[in-house]
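Order of writing sets the chain letters: A, B, C and D. Residues in each chain are counted from 1.
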Amino acid sequence: MNAVDIHSGDDLRDLYRELILDHARSPRHFGKLDDATHTAEGINPLCGDKLRLFVRLDADEKIAAASFEGSGCAISVASASLLTDMIIGLTVTQALDSFAIVTGRLTGSDTDRELDAAIDLGKIKALDGVREFPSRVKCATLAWHALNSAIHGQSTPISTE
Amino acid sequence: MTQLKKSDVRLDTECRPDFPALHQDISSHPLVYLDNAASAQQPSTVIDAVAYYQRHDHANVHRGVHTLSYRATEAYEGARDKIQSFINAAKRSEIVLTSGTTESINLVAQSFCRPRLAAGDKILITHLEHHSNIVPWQLLCEQTGAELVVAPINKSGELRTEAFDQLLTDDVRIVAIAHVSNALGTINPVKDIIAKAKSRNIAVLLDGAQSVPHMPVDVQDLGCDFYAFSAHKMFGPTGVGVLFGREAVLDAMPPYQGGGDMILEVSFDGTTYNDLPYKFEAGTPNISGVVGLGAAVDYLRSVGMTRIAQHEQQLLEYMTRRLEGIDGMRLIGTATEKASVQSFLVDDIHPHDLGTILDHQGVAIRTGHHCAMPVMDFYGVAGTARASLALYNNIEDVDRLIEAIAKARHIFG
Amino acid sequence: MTQLKKSDVRLDTECRPDFPALHQDISSHPLVYLDNAASAQQPSTVIDAVAYYQRHDHANVHRGVHTLSYRATEAYEGARDKIQSFINAAKRSEIVLTSGTTESINLVAQSFCRPRLAAGDKILITHLEHHSNIVPWQLLCEQTGAELVVAPINKSGELRTEAFDQLLTDDVRIVAIAHVSNALGTINPVKDIIAKAKSRNIAVLLDGAQSVPHMPVDVQDLGCDFYAFSAHKMFGPTGVGVLFGREAVLDAMPPYQGGGDMILEVSFDGTTYNDLPYKFEAGTPNISGVVGLGAAVDYLRSVGMTRIAQHEQQLLEYMTRRLEGIDGMRLIGTATEKASVQSFLVDDIHPHDLGTILDHQGVAIRTGHHCAMPVMDFYGVAGTARASLALYNNIEDVDRLIEAIAKARHIFG
Amino acid sequence: MNAVDIHSGDDLRDLYRELILDHARSPRHFGKLDDATHTAEGINPLCGDKLRLFVRLDADEKIAAASFEGSGCAISVASASLLTDMIIGLTVTQALDSFAIVTGRLTGSDTDRELDAAIDLGKIKALDGVREFPSRVKCATLAWHALNSAIHGQSTPISTE
């Protein structure tokens, strides 16, 4: 199968970077957050991904803590893990901005440079490989949609199908 | 590498050229299509029959005196005859054309069962059913207060027949069971089940979505009351399916949907329904789809269902052996009697990731719950990867699958 | 002979070449197809889109990670977007894909009405409805004890609005009415009706089978709760239709059929349903048919609905004038507001005989009750002959019709 | 429209022969038979033809009287009229034979020469033109099917769709 290796190696390696595989294997902030002020569930019926995101806002509307639980493919778990890493310490506004930026980047529908500049995407860029795999974009954005609805206080599970 | 005998079972060499969709590259690799249990590809004869119908013969059926309407009606009703003979139904009036297995089962739930169910009556299904053979019964139970009873399976994915026998009590009004499981490939012992149910006068519906494309089916020999299947799994178009029902049973049922064609006379004082099968075919049917299904039946008969079953059986054995040879492989669904489907998990690679990596090598499999979540729950998994075979698959396809899995293990390694 | 202005209304010169079925001889005469209200012919773009899909992109939708499944899903959901924008629905979740108008109306009867109807509640329809907008309500009335109330029409085939107003009482749960009558061509005053119903909080379903192919339709502007139509009358494939429903209304409804795709989670303890519109799309949908419908929408938009309406309006006027010129002619359906359809009787020639003689001259019309028996009863006839127009018809078609009728009179003379 | 006249005249004239048009305009034995011993209804949903056939059998199983009522296209009315003309005086067996012969002739499915010879079809041959119009065969056979079910004593309406 040399042909396979030569041709398709890059895209796949780009999708499953070491950082992604690492977060998928050892997700950060995994588990329930008992004193969460906000929570939302995300379901991706396509692959059966199902996760719940927990956020604790402190008095000045900053994200003091975040975690998630659930199960899913490597992309959705790594994305959730990276998300929790990133949003702790952000203000609510910054968190919502990063929702807009990340989903925009991944779907290609929205590339608001201004926002982009204002927030340090850091490791989130590791998700960029998903853009070559349109059927997987929903896995990568699932946790972000859950973040968005958690903050907006929606209570029904959101689905990305 | 183990080889199949190259004798007359190499159906694929004969059939592959007939299927245009198979001859394309996906991610720069020749397509290996192993998602047949979800939907099969169509031979040119089907695609061309549909297009020819549209270009030359289309009009609405049944009520027209002009030539095109006559031709359309002949084509539509001619397909019904082909289906009748394909599954050996006694009468053409027993062949109800629907939009698919799902509608066929809903029709039985609503028209056959709903009017005669009382609270406490039971509907018996099994743990390995497709959602299409679960949710219609759940809706019906909500509507009537009937109870859904689920016969258990064992770790191999086989029906536990002694438990089934105990659940088959006199308050069961219908047994609805897959002939072949789409998630596990299990062939259920349907003849036994029908015999037991019949001895208690209990109606039986078989979900034949996964059997009709893969083995000879004779509804008279089976003796079931209803048999449901979909054209798109048997190399025909989407949006068409069949409900076989025994005439006496269909006759006693009220219509399912109301509309044109299912009536003899409509007035505001009262409406009389049409004869079978038209009573159950309200509205303009999927004429071109039915024409395509007729062509698919012709195709299957020209190849021969027994040869197809043999070919797929040998290929399934080969595939199972090759999969077993992979480290970290967990096969889901290991019944003794199986057809054309193998579900599996490798290491702790999520099936969805596996699916992406395989697709990137041109190998199309399905991943997820396969519309059989209770099966997934039973095995304690969120989903599986599933490779499912059809008459055009071959050893090379299986070899490509195996190599692609190796690559996935390497990436996740 | 009166002539249409040859200006921009000669749509037919532009469109006719696009429709392969029109270019054939029937009984050695070039086909004149005037049976569009029963089912329309398809442009090559539709036929080719379906065949292309089958040859290159087919797989099951929604649950697949592999390339073909992704392509099929994009094609299927892309068609939904086109339909949404074509009828100007506010959201794509309001577009439920069904097997046709008939299923759309049955869905509303069973899912919207049935759970909320009590004995004595009323359903208001009119005397000019198609069986598809009568029988589902009759079945529902039998099931629930509700009462079917029928608003009368006058001799021209128009709704008697003062009588309608009186029947629109507070115990009416839904008004179900054709936007355009298939037997008479009458355009109903639906905006008025909707306004009156809305002022009493009564739901409104419009049967749009005969309007969508012939005039611009904007469901937000109309303000109806439901709008039902069929692909095969708008130059798309058979076996596909649409139910537009307002999101809030659809959201509150239980599912219609159970099966794959319409669920989020299935377990034997309880099942949660999927979001809109999927909650109402159980089972494998008619993927290729929906792709074809998408292509039909593209076609209609490229021609332009306003131009189509103008063209057909002028042609209808011409046809009516020519028919009136025939001795022994009785026009059935002479409303002031009409679209694309003319029913008639000549001398005492039975419509069926007329249909045969016309067909023998290559002219395809429909004869019989047009699935509107109450309309036939109202006029005291067993059936009529009906010529119905589409964008590709022209003056020559009408002239051929007139000559063929003359020949029939000669034979029976 | 000369082309039309030249080409299609014959088939149509064959279908709508004078004899057929005559029986359609002035059907024989039209009306209810009050002392009928057998009756059956025939419905052809295609064209809305609907007729009821009446037969009176006498003691030695001969058809003493026959009539029909209802409405339909020229072909079905003429066929019913010709039928009543023909069967009066036949034995039940002869009537059933003529059902088999006529339907066989018209559908082309059954041409039993032996039977054919045994019974004088007479004017019924005027229906032969219908063979060129397959969509109209059901109109021509409707009354015959009604005859068959009347004699066999079936009570539900028969439909030829």
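Heads up, the rule we're going with is that contacts are C-beta pairs under 8 Å (C-beta built on N, C-alpha and C of every residue); 3 or more make two chains touch, one makes a residue touch a chain.
Just so you know, these numbers come straight off a predicted model, no measurement behind them.
Participant: Among the remaining chains, which ones contact both subunit C and subunit D?
Facilitator: Of all the chains present, those in contact with both subunit C and subunit D are B.
Participant: Is the C-beta contact count larger for A-B or for B-D?
Facilitator: Counting C-beta pairs in contact, A-B comes out ahead.
Participant: Starting from the mean Cα coordinates of subunit A and subunit D, work out the distance between those two points in Å.
Facilitator: Here the centre of subunit D sits 77 Å away from the centre of subunit A.
Participant: Please compute the C-alpha centroid of subunit A, do the same for subunit B, then give the distance between them in whole Å.
Facilitator: That gives a centre separation of 37 Å.
Participant: Once you find the CA centre of subunit B and the CA centre of subunit D, what distance in Å lies between them?
Facilitator: 45
Participant: For subunit B and subunit C, what's the span in angstrom between their mean Cα positions?
Facilitator: The mean C-alpha positions of subunit B and subunit C differ by 31 Å.
Participant: Which residues belonging to subunit D are in contact with no fewer than two other chains?
Facilitator: Correct list: 46-47, 135-136.
Participant: Spell out, as numbers or ranges, the residues of subunit C touching 2 or more other chains.
Facilitator: 27, 63-67, 69, 352, 356, 367-368, in rising order.
Participant: Can you give me every chain pair that touches, using the contact definition above?
Facilitator: A-B, A-C, B-C, B-D, C-D
Participant: Residue numbers of subunit B touching subunit C in their complex, please.
Facilitator: Within the complex, subunit B touches subunit C at residues 20-21, 24, 26-27, 31, 33, 35, 38-39, 41-42, 46-47, 50-51, 54-60, 63-69, 99-103, 105-106, 109, 130-132, 134-139, 148, 150, 230, 232, 237-240, 254-255, 257-263, 265-268, 271, 282-289, 352, 355-356, 358-359, 363-368, 370-371, 373-374, 377.
Participant: For a test of understanding, state which residues of subunit C touch subunit A in their complex under the given definition.
Facilitator: 62-67, 69-70, 264, 274-275, 278
Participant: Hey, which residues of subunit B end up touching subunit A in the complex?
Facilitator: Those residues of subunit B that touch subunit A are 27-29, 349-353, 356-357, 360-361, 367-369, 376, 382-383, 403-404, 407, 411-412.
Participant: In the complex of these two chains, what residues of subunit A are touching subunit B?
Facilitator: So the residues of subunit A in touch with subunit B come to 1, 3-5, 7-8, 11-13, 15-16, 21, 46-50, 71-75, 133, 135-136, 139.
Participant: Considering only the defined contacts, which subunit D positions touch subunit B in the complex?
Facilitator: 43, 45-47, 134-136, 157, 159, 161
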